[in-house]
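Quick notes on the structure that follows.
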Amino acid sequence: MTVDLAALSTAVREAVAECRERVAALHAELPRNQLVVWTAGNVSERVPGADLFVIKPSGVSYDELDAATMVVCDLGGNKIEDGTAERLQPSSDTAAHAYVYRHMPEVGGVVHTHSTYATAWAARGEPVPCVLTMMADEFGGDIPVGPFALIGDDSIGRGIVETLRESRSPAVLMRNHGPFTVGRDARAAVKAAVMCEEVARTVHIARQLGEPTPIPAADVDALFARYQQVYGQRGER
Amino acid sequence: MTVDLAALSTAVREAVAECRERVAALHAELPRNQLVVWTAGNVSERVPGADLFVIKPSGVSYDELDAATMVVCDLGGNKIEDGTAERLQPSSDTAAHAYVYRHMPEVGGVVHTHSTYATAWAARGEPVPCVLTMMADEFGGDIPVGPFALIGDDSIGRGIVETLRESRSPAVLMRNHGPFTVGRDARAAVKAAVMCEEVARTVHIARQLGEPTPIPAADVDALFARYQQVYGQRGER
Amino acid sequence: MTVDLAALSTAVREAVAECRERVAALHAELPRNQLVVWTAGNVSERVPGADLFVIKPSGVSYDELDAATMVVCDLGGNKIEDGTAERLQPSSDTAAHAYVYRHMPEVGGVVHTHSTYATAWAARGEPVPCVLTMMADEFGGDIPVGPFALIGDDSIGRGIVETLRESRSPAVLMRNHGPFTVGRDARAAVKAAVMCEEVARTVHIARQLGEPTPIPAADVDALFARYQQVYGQRGER
Amino acid sequence: MTVDLAALSTAVREAVAECRERVAALHAELPRNQLVVWTAGNVSERVPGADLFVIKPSGVSYDELDAATMVVCDLGGNKIEDGTAERLQPSSDTAAHAYVYRHMPEVGGVVHTHSTYATAWAARGEPVPCVLTMMADEFGGDIPVGPFALIGDDSIGRGIVETLRESRSPAVLMRNHGPFTVGRDARAAVKAAVMCEEVARTVHIARQLGEPTPIPAADVDALFARYQQVYGQRGER
């Protein structure tokens, strides 16, 4: 049974419209931060107050994206009828996003890229070790590796959720594939994607000429706790 | 005997004009995706319904290209008389493009660059191994290496065609030279050039700190089959 | 006791206003020179003729910065009351900047980034060796490494000052953290941050394929002395 | 004895004015092609029909350069009196440029940068081996290394000239310093600087994972001869 947006309340329809705007605008951060080439990355956000999320259409270039081209899906990953973008299919990664929203109620945004350095660690199946204070701040430890999983069923989503549950990191490197990141909203998930690539790159470069000095676990804990509480303006991050 | 555009049908002349527009616009993707420096890369497209193709003029910078500066050639690689751009010679790689169009009727677009990471693999004469899901999607396996060939006759074109015929990959790394990519049209060949550089770079970086995990051949096949069928909007890729 | 800007002289208030303009404008150099991602770097400048400095607000993106959003602090690192930006908290690195201004009266500007290559050397706790003439010019020798220090008290500031006092370098790589640079004003500190990343990157790349040739100490001294005296226009650098 | 521009013929003054325009515009290619940071690179061009050349002022950022800020020098490297830019001193590398113009009459343009990969080879004192067809085309062989030389007399200029005389390459890597390139005019020298960095980077990356395949000397000769004769439009390169 497909949901029809026209049958939903005005409040939900307004929330969908605002969510479309945010998600469309945040896609510009992917090429701007050099996380993607061509059409190979996507952002989604849970619609506040509804069992819906908004996601990138499949195979459309970042230049052509706007609020109207975003696709609305239910938590089963099915495109809902909304008139606005009926010709467009959602990202081929939609099932993975939907699985995360179903199983992690605290997550309000999901980002997937094949950003180069994070994907290189994923190709070796190796976690990024926590050897930078900014990594301790953002990720609270290593960035973990999730299983190899084929697209087409819940394997990718399940691999993401099971890996993230055993970690404080908002990022997981899916083996031979690339990073998925989560956040309380789409903006936080995009920030995690940007920081994931940055630390993957910096630690890679550090490792090329020797071994980075580890940070003691107690210091990682202290940095993570402080950053999650005090950074930014009045609770914003 | 040189073809004269004025002697061709109105339909062909219109097809040529549209093809000039597309090819000129697609050249902007080469510097934008950091595949080229100075004037060192070119795009061509077969004119639908005619034994002609449109290609970049030689030695002209990307800023100065527009539809009028594109050069029209027959499948022998000879510039045809068309009035519009008579002062400009076609790319010095024109013979290689022409050979591909003569021997691969399914190909509608060809791109040549010296993009850095792809060319680095070509300098070692080493194929890029298929260790990423996005590589399985796009290339269906390793990106193969073609022979060393001097410019000036059909050696480069023959090397491209013979190598591509033994592979599912739309990209070939010509030894000590650089990548050539093909597609059903110029846009698809440009996408293949962008993805070729991206996976060449990612696998290079993965290999710098160890060995990437291989993807089983059956999984490569499954990913390739799925991607070729379902990605994008209504058959677009 | 918090300082109130309104209680200060007109001359100081004008100096603060000009300083806000300079510091806001210089923040644009951080992303432009690829020294930062997201909000992870900051510039400050001592207000001429006052025991105050101007610094970036915490967690605000570079696009949103202007003179009005800059935060004014006393040399204890406390935000002063100035009406203009009362909702914004200063950078979480403010205590480190303040410590430098208190203990190095010759310093008029401080910059902190996590620029990739400099941070990679910091992660290994390894100084950048002086093997380039432009390094001799700007840094007068190796770029030194400072101690590992947690944020939250004077540890970072003290580590910066103690390390810089034993060196001619205007840059220090704080272990597992990133570079801090100083200058007679904010512009000079930004230049040092740009040059620090550039030489960290170039020497890294040189070292990847072998050992760079050292420059004899007497030549380093001669280059440094000459550059500090004669480069640029009439005493500007 | 200082030359005074006002005492020269109208034809020379017009040639100077045109040369100022060209050299100012070409400086934009340095940051655009990522060959420089801050103010660390310079372009000069011999004034046709006069024993003069036009060069960048010292320590001025690329954004602030225009025809009026360019500095005119005689072949001794002395700034001439020309009214237009009397407050600005020429680049600190002016003596090296002047030496090249005095000793290589066929050279009409000189470029100096510290571009990253070329400088990395220079730091190890290692020539870039000719393992790419585009290197054979442009450089006709390896890019050679010149001696270590201090700034302040003719040492750098002499090192450039002596090294270039034994090579077909328009680029030389001055040890621990960086590349200098020459051309028949400033544009050709800028092209050589761009290509020098590109091949230095590509061969570096190729070497990171193994040994590139050499190109036989006879093939290098054939490629160089062909490219110097036929590339581009009507003798332009």
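A, B, C and D label the chains in the order they appear, each numbered from 1.
Here, a contact is a pair of C-beta atoms (placed from the backbone, for glycine too) under 8 Å apart; a residue touches a chain by one contact, two chains touch by 3 or more.
This structure is a prediction, so every number in the text was calculated from the model and none was measured.
Q: To reach subunit C from subunit B by way of touching chains, what is the minimum number of steps?
A: 2
Q: If you check the contacts of subunit B and subunit D, which chains show up for both?
A: Per touch definition, common to subunit B and subunit D: zero chains.
Q: Among all chains, whose Cα centre is located farthest from the one for subunit A?
A: The chain farthest from subunit A, judged by C-alpha centres, is D.
Q: Same or different for subunit C and subunit D, when you check if over half of the residue numbers at their contact belong to both copies?
A: different
Q: Using the average of all C-alpha atoms in each chain as its centre, how far is it in Å between subunit A and subunit D?
A: Averaging C-alpha atoms per chain gives centres 46 Å apart.
Q: Measure off the straight-line distance from the CA centroid of subunit A to the CA centroid of subunit B, and report it in whole Å.
A: Subunit A and subunit B have C-alpha centres separated by 33 Å.
Q: Multi-chain contacts in subunit C: which residues touch at least two other chains?
A: 208, in rising order.
Q: Could you please write down every pair of chains that are in touch?
A: Touching chain pairs, listed by label, are A-B, A-C, B-D, C-D.
Q: Which positions of subunit C touch subunit D when the two form their complex?
A: Per the stated touch rule, the residues are 33, 131-134, 191, 194-195, 198, 201-203, 205-206, 208-213, 215, 219, 222-223, 226, 230-234, 236-237.
Q: Spell out the part of subunit D that touches subunit C in their complex, as residue ranges.
A: 37-38, 40, 57-60, 87-89, 92, 114, 116-117, 119-121, 123-126, 148, 150-152, 175-178, 204, 207-208
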